[in-house]
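Each of the two complexes below includes chain A, the first together with chain B, the second together with chain C.
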Partner chain A sequence: MSQIWKYVRVTPSGGRVRGVPARSSTTSISLPGTPDHLSSQSTLILRFVMSIMEHNGGSVVAMAGKNCVAIACDLRLGAGAQTIATNFEKIFPVTDRMYLGLAGLASDVVTLREKFRYLTNMFLIKESRPLEPSTFAHLVSSTLYERRFGPYFCEPVLAGLERTPSGSYKPYIVGTDLIGCLNFAKDFIVTGTASDKLFGVAEGLWEPDLEPEDLFETISQTLMNAVDRDAYSGWGAVVHVITPDKVITRTLKGRMD
Partner chain B sequence: MPNMSAIVHPQQRHFNPYAENGGTILAIAGADFTVIAGDTRQSEGYSIQTRYAPKVFRLTDRAVLAVNGFAADGNMFVKKVKQRLEWYKHAHAKDMPLRAIARLIQTMLYAQRFFPYYVYNILGGIEEDGSGAVYSFDPVGSYEREACRAAGAAQSLVQPFLDNQIYFKNQTAAPGRSHPSHLPLPDVLSIVVDSFTSATERHIEVGDGLEIYIVLAKGRSLQGVEGLHGLRELSTQEDGERVFVLQRDLKKD
Partner chain C sequence: MECSFALTGKDYVLVAADTTSARSIIKMKIDEDKIKTLSPHLLMAYSGEPGDTVQFAEYIERNIRLYHIRNLYPLRPQSAAAWIRRSLAESLRSRHPYSVNLLVGGFDTADQSPHLYWIDYLGTMATVPYAAHGYGSYFASSLLDRYHNPDGTLEEGLATLRRAIDETSKRLIVAPGKYMVKVVDKDGIREIEL
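Right after this comes the complex of A and B.
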């Protein structure tokens, strides 16, 4: 997500009008077709307008390995540049072999976490069969698309192991945008305020068929080095490595600034 | 009632003298060499203007300048720096030292403080003490000597990767050992190529071709450059610092 600068018009009374076309100075400009009380001596000022997706900060990354997947997030919760909390986990368990990461607006992170907890429980009660990642991915997608014109400001990442007909497990990672467009990747998924940095580092470090411990090192290095170049993410990290017989969860300390 | 059609409203005209032409540049300093690289794609918006527009230029036998941002400004700026270096050579009968070129670039950029060259500069080369050096600049001349720097469209993709691979950030050395402060040339070259293939994969404004300049300190052996495919020497003499250029293909999609 790119940062957004907008020209905001400030009137003498202090009220301001948004969405005025970009202009090159901060001097008084009167515009055609505007009421006199606005055009006279109103001033265009360049202001930083934060997008909703970046307001709370935070990043999530997921990677596929050999017979395992990993998912990791940072721990910062902010309000713009101000840090509010440094223990805000953005990854939640869905089943024993599936974790969901939610980066974006913190209130929607909590709302969606509870919504998906409810929907997962309803699925298990009604269907009385295990919830597989590929099923849950489409549940996530349709839940988000339901709010197509007033979306939750979250970009989920799902990491899990999918049970095959033969009874073995196969790595499954998927990401979506905020209206539920699914992105099936066989390597890695990134989201959050450090997504561009995560793309760069992950593209450089990731390789196919990593064993759980190597995958842990790769995803940890990817996340740490990416969030260290992002002011809105950081303050430590949580990493989950999911294997067929166990989930390894580690909390990492980073630069903590 | 006055005739409303006779009222002429003021009209604002707008001309934007700048463009953003994409691409990425990168430089890494070694103990006795420096590598300066840039991709060769030049774009405006979603259009590719050309697949071969160099962004890295040899200034002297020990200085190479990479420019990124608004291509027209970049080309003009390189032209003017080269002109100043030629004047210096005529006045002093020697090439300008690297740190002096860095200060010259600062004053030239700051001279345009209120109508800047819309260009991020990275200067690489060999210092008078024989060490490899990288200087990075902002568009108005603020500068710093560093061990490595990426700039341009894919800076945000490449710089954290370099933090990890060059500065060993977030890595702990084995007990009783420490990280090297400078990497050998073959390692640096493979990090540069990996950085650009990664950036090409995930950024639409990066790709087509890669030009890697290698500056070797005076008296350094050719170890690490020998046998490189398609290596071209650009230096004017063999007993001073030497400059080489290496060209590689990047994906064109």
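Right after this comes the complex of A and C.
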């Protein structure tokens, strides 16, 4: 997610030697010295490359608490540095006790959301039993891996409560990369353009066995403070806290710049 | 260069698009209508790769018309926008993707509300109170941010739109000379002289 500067080999005529994605360069800086083996043939250029994962911006974070989970996202939709909308939610309900967050290319966020809605509806019709988070996580994983060599540019985060054989619920959070590699966590999952900042803040604020209200405070502070240091995320946030008997959804106002 | 703007008001959506048709640095035509009427209460301004634009717009226009003929009622703006978005998103991963940016504005006669959608060639869709595409968006979005009133009258909306267009004409080197403005409200679609 953080490969923004890339070395690109350029021939004296200016033609590209090695592939850079089309629609990239906004700035280019020549390096002072050119490595010997490239000398007369080509030059190494450090070039700004806008990754498709960062094009629209946006971040999602999920956290586990005591008998509850929380998931939150920011509301920005951009096209590069330009902000297009400030009402773009990236978290969608799957069942009463499970929410899915999708960060990445906004087009794929909506496409995947529609795809998962179709797949979960089909599951309910065919199986007539509730869809559990662990089942859905593998559905997400296989759906993404189906597109292994032409992926959806989205990194999903799933937060839900899993029903145990005894009838109680246990927190279940999982994230995947864009080709569906599952990443189970006991504490928190982060994704999106502010993921590096989210990691830092979450690492500092999260503690085990938080009650719903404390978990709400922790996840809100984590998202807000991480997102304020990221130009591509922000413009308010939505937080869902999932408990066995209810889901609390709150919209937060952040720094509106 | 191509510019299109749109904004919603109390019970209408205003859509404006420039009327130039250009190849490279040459103006070929200065009275091209780049806002299609998709159904009695739905407008779509299109811009992008020449050729793709008209092909895609006509494909959308005819499919929405077909839905209207088959069902005797038109697709609502929300559903139409979702279908148009999906067409672009599917096209993006085909061998020859359409490179078309759209502003879809409609008036929902079922609940009497205006709707505006910003859609780009990637299949990104945003539900917005005002929107712009092209170089004009760099000048207009900040102005619209400051002056847009979601409950404004048509006169107020037109004044705001005029501000955006005037600023673009003043500051943009490659500003288009002429715009076509259409409005959609409970009475349907009509063209307005700015």
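Here is the rule we use: the second predicted complex is superposed on the first by the 213 of 257 C-alpha atoms of A that agree within 3 Å, B and C clash if a C-alpha of one lies under 4 Å from a C-alpha of the other, contacts with A are read in each partner's own complex, and residues count from 1 in each chain.
Please note the rule applied: a contact is a pair of C-beta atoms (placed from the backbone, for glycine too) under 8 Å apart; a residue touches a chain by one contact, two chains touch by 3 or more.
Since the model is a prediction, treat every value here as computed from it, not as a measurement.
> In the superposed arrangement, does A:203 touch chain B (first), chain C (second), both or neither?
After superposition on chain A, A:203 lies in contact with chain B alone.
> When the two structures are overlaid on chain A, which partner does A:88 contact: first (chain B), second (chain C), both, or neither?
second
> Which chain makes contact with more of the residues of chain A, chain B or else chain C?
B
> Based on the superposed arrangement, let me know which partner A:172 touches: chain B (first), chain C (second), both, or neither?
Neither partner.
> Name the contact category of A:116: first (chain B only), second (chain C only), both, or neither.
A:116 contacts neither chain B nor chain C.
> Looking at A:99, would you say it contacts chain B, chain C, both, or neither? Reply first, second, both or neither.
So A:99 meets neither chain B nor chain C here.
> For A:235, select first, second, both or neither according to whether it touches chain B, chain C, the two together, or no partner.
neither
> Applying the touch criterion given at the start, work out whether A:107 contacts chain B, chain C, both or neither, answering first, second, both or neither.
In the superposition, A:107 contacts chain C only.
> Touching chain B in one complex and chain C in the other: list those residues of chain A.
none
> So in the complex, which bits of chain A are touching chain B?
Checking each residue of chain A against chain B gives 23-24, 29-33, 196-197, 199-201, 203-205, 220-221, 224-226, 228-229, 254.
> Enumerate the contact residues on chain C facing chain A in the complex.
Interface residues on the chain C side: 85-86, 88-89, 92-93, 118, 120, 122-128, 131, 137-138, 141.
> Residues of chain B touching chain A in their complex?
9-12, 14, 154, 156-161, 163-165, 169-171, 194-195, 198-199, 201-202
> Within their complex, state which residues of chain A touch chain C.
55-56, 77, 79, 82-85, 87-88, 105-108, 110-111, 114, 150
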